[in-house]
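Once you scroll down, you'll see the structures, which are given as structure tokens.
Below are two complexes that have chain A in common, paired first with chain B and then with chain C.
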Partner chain A sequence: MPATDLLSSQGLRLDGRRPNELRRIRCRLGVFTQPDGSAYLEQGNTKVLAAVYGPHQASKSKLSTEGVVVNCQYSMATFSTGERKNRPRGDRKSQEMSMHLRQALTAAIKTELYPRSQIDIYVEVLQADGGAYCACVNAATLALTEAGVPLRAYVCASSASMAAAGAGSAGPEPLLDVGHVEEAAGGVVLTVAALPTTGHIALLEMSHRLHMDYFDIVLSRAMQGCRDIEVILDRAVRDHLAEGWTKQDVMTI
Partner chain B sequence: MTGHVSIRLASERVNHCVATMNEPPRFYTPGEVITGMQDFMRGHGTYTEDDCLKASVAGVMEKVNKLICIRPLKSRYVGEIGDVVVGRVLEVQQRRWKVETNSRLDSVLQLSSVNLPGGELRRRSAEDEQMMRKHLQEGDLISAEVQSVFSDGSLSLHTRSLKYGKLTQGTLVKVYPSLIKRRKNHFHNLPCGVAIIIGNNGYIWISPQNHEGVMEEQKDDDTVDQQSVSRSDRETMARVKNCIAALVASKMMLDDTSIMFAYEESLKYDSVKDLLDPETMLDISFLTQHRINNIMEE
Partner chain C sequence: MAGLLLSPTEKNFILQGVQDDFRSDGRSNIDYRPMELETDVVSHASGSARLRLANTDILVGVKTEIDTPNPDKPGLGKLEFFVDCSANATPEFEGRGGEQLANSISNMMQRAYHSSQAFDLKQLCIFEGKQCWKLYIDILILECGGNLCDAVSLAVKAALFNTRIPFVKAALMDGGNIDLQLSDDPYDSKLLNVGSAPLLVTLCKIGDKCVVDPSAEEESCSVISLVVGTTGNSKFYCSQEEAKKLPNVESKCSTIGMNGAGSVAPKTLKDAIQQGLEAAKSLDKALGQALLRERQENISFKKHSYGFLK
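Right after this comes the complex of A and B.
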């Protein structure tokens, strides 16, 4: 159900963005030395760290001969939200988030290449300001790329919402990249994790109810967000590569 | 402990870039189409989809005739036969050891591919199997050579030479494998009085040079190499370790030449712990790069 007061009469959102604008994304690859790959990503005020270990020998209980076992752990820092709260790792919410992360990332990783191995992905939310899942997927993609794990394509996640026709605005308008204020104001949040280069959707999740007529436009806006994020991530990866390669003798055989 | 801790703002961090002349090569990122043509072979780091050859990792292209590979900046160690590796024993199993070598899967060291005390032609008996833990225990570091690569990518090692075997006293430095330059020899006695083993898997072992030149195989008791290492030797080892750290921070290739150059450049700093200062690290790697460039030009 579209919420009413998400768009001002000038067509601006609560935080001053236009409906089709993302929050500012800043990211960095290779923030840690110990893991195989790591990344830090800021999406507006949502800040996330991701670390990837592997592929390494899978533990005996998890070992699979078909492909690599992807193991995700999502956790939130005690200081990540307005209310300081000790968050145990295994609680229901983070377990669900870990499962969803795993689903999105397994769709991108070429799992069949490394039988009997395991990849561990740890994401930590340092500051949660809405769209934590999306930021986690994007950060994990960067960390996987840095670790040199073979991916089909980047997997990017974005969320979208729906604003009802307010006073003065043209009509109902889908909103891209939902922040905490908009999440709290009510209204639907559609989260999409997709491989934008191929157009595959890895995960689709929606909170609240949305009229069927609106679904397509909200989904297409979220997909547009994924494509925009991919461009940003790709640029970050290329910058990181350029920084690393200048010092290496590139072996051309 | 006296507090000598420096915590910097992110804006004051040192950029470890050491500029080189050559311009960056063309990069490929996951999902990017390399070529649409059919007449190429699919190598590592690539896959085919919709009649296109696409990259699956972020890195540069290596082309051998019709084979196209994408080499990532950083990845786990991919073993090749004949590589020298340094690894840690994880498990003692029936007639074999499991060894961690920074590879995707644990490596195997068969009991039949180690030199047991008592010469080459000795029959391996049931006692040998029971004595395995006495030979190599969990947590021991070894140097070995890759004997073969199994179909799933895991490695089989051997230590059938006097230069391989258990490592006793020294320091282990872990770097990522793509920084190691492949050389004919990976065992070096540096002129500064330190022996290093540059494992192809990115594990570097720094140890004091063994002056008397005796191999440990004669004395198979537990007191092997337990004599203390002199302070000056330990300082030199620490200096070499810090020099490697400086080169790694600037992502420079490691071999005996670059490590030796970095060591010589570092001698102008008296205290070894000063070498961990980011500005000093940058200075050392910059001077090393300069010397390497000079050699290349000659």
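Right after this comes the complex of A and C.
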């Protein structure tokens, strides 16, 4: 059942956004020097750091002759949530998140280029305010790009929800980029990780129930979000590269 | 440090420099490299700070919880340190790989904060014997470029300086239950008195002199390092008028630890501790000034928040 009170009669959401608006995304590549690639991404109040090491020789137990092994670890800082977490990683939710991350990122990486190798991707959630998984995928893409790992396309993730037609509210209307308040309100959350340039979906996950009639519009709204995010990520990568180039120029002169 | 090869001549150059109190990068033996510090970076925590010293990156978040005090210390609050070595720093920390290092740092911090002269736990008391505040000090190591103890202690002190604890009115009801009343206004909160909180200084022994904040080259010339924890001076953390009213206190050594394979002569040890006290004092002063300046900017709405985007 879609939640009824997610849209006001003016068609605005709980945090003042319109249904098709993303939260503000700010990001930076190359935050750290030690990893091969690193990125920081803010999506509203959700803040995520990602670091990539590799490709390097795979450990014996993981080695695969087919292609590169993608190793992901999702961890949340103990102070990232409203209530303090006791363990930053190792709990069920983090393990599930790690698996989903690997699923989405393996789809984008050209794994066949590096047999017998391993790429480590570590994401750290500094502040969680809904949509942590989406922010992690987006940050990991940026970190992979900075590390120079060959990708088929950017992989972007976005979530979408559904606001039902209620008394005095505009609707039914799909909502893009679900925040923590909307998640907690109990509406459906559809998370999609996609390669927007090719239109392929790498991961799709849905919680709560949704009528099949609405599925298409919710999915297309989430895909629209992925395309919007791709534009933002692409601009960040280009800016970063341009910046690096000028700095190097100065060094050589 | 892997991949760092120094010839005997280079090592000798560093050693001679340390003897003359003039290091290869132009610092004296008690000078630190430049640091970046920003407080209030995590909005879900009561207080937070991020510190970057060369390649070391530390993020500290303080969370508060109401707890019952220990029966043998009814008037005191509680502090708990938790260190998390993020795998972002190095792949070796993946899973439970960083636990040993994390435990050694959190034990060191716990020991340094244990003394009542280092941190006054009475300010965390709500109702004697019944309720107190418990501060969870969560330290996240995001990048590991050496000199962790110093960076962690600075970041923790900055985060505690930034911590706001809500005002709570407690009344004893019949049956021994406590009734807590919390204000509706989230800004109705108090700051902690952290002036005397300890700082850790790592001294690296090179020849028979010691240096603080060693670079990677200097670290490879040294076999043993000494960690000295000294209490801070409250005068550096308040305005000048208030500082005049405070009594003079000498900083005291609250913990000492040693790392490494070598050994130290008693004379060198004594000199090193003295040097550690001196370094901690100048560090404390600089930290106090930086934090007060940031608070002033915050009050006048001039503060620009950078986070990780700079």
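Things to note:
By definition in this document, the second predicted complex is superposed on the first by the 240 of 253 C-alpha atoms of A that agree within 3 Å, B and C clash if a C-alpha of one lies under 4 Å from a C-alpha of the other, contacts with A are read in each partner's own complex, and residues count from 1 in each chain.
In the analysis below, contacts are C-beta pairs under 8 Å (C-beta built on N, C-alpha and C of every residue); 3 or more make two chains touch, one makes a residue touch a chain.
Everything numeric here is computed off the predicted structure, so don't read it as measured data.
Aligning the two structures on chain A places chain B and chain C in a clash.
Contact with neither chain B nor chain C is seen for A:L14 once the two complexes are overlaid on the shared chain.
Judged by the touch definition given at the top, the superposed model places A:R84 against chain C, while chain B stays out of reach. Shared-chain residue A:E42: touches chain C; no touch with chain B. On the chain B side of its complex with chain A, the touching residues are 17-20, 22, 24-25, 27, 29-32, 45, 47, 49, 54, 56-60, 62-64, 72-76, 104-106, 152-154, 178-179, 250-253, 289.
Interface residues of chain A facing chain B in the complex, by the touch rule stated above, are 36-37, 54-57, 108, 110, 114-117, 145-154, 195, 197-198, 234, 237-238, 240-253. Listed in rising order, the residues of chain A touching chain C in the complex are 26-28, 31-35, 38, 40, 42, 45, 47, 49-51, 53, 71, 73, 75, 77-82, 84, 88-90, 120, 122, 124, 126-128. The touching residues of chain C, when paired with chain A in their complex, are 42-45, 48, 55, 57, 59, 61-63, 65, 82, 84, 86-91, 94-96, 136, 138, 140, 142-145, 307-310.
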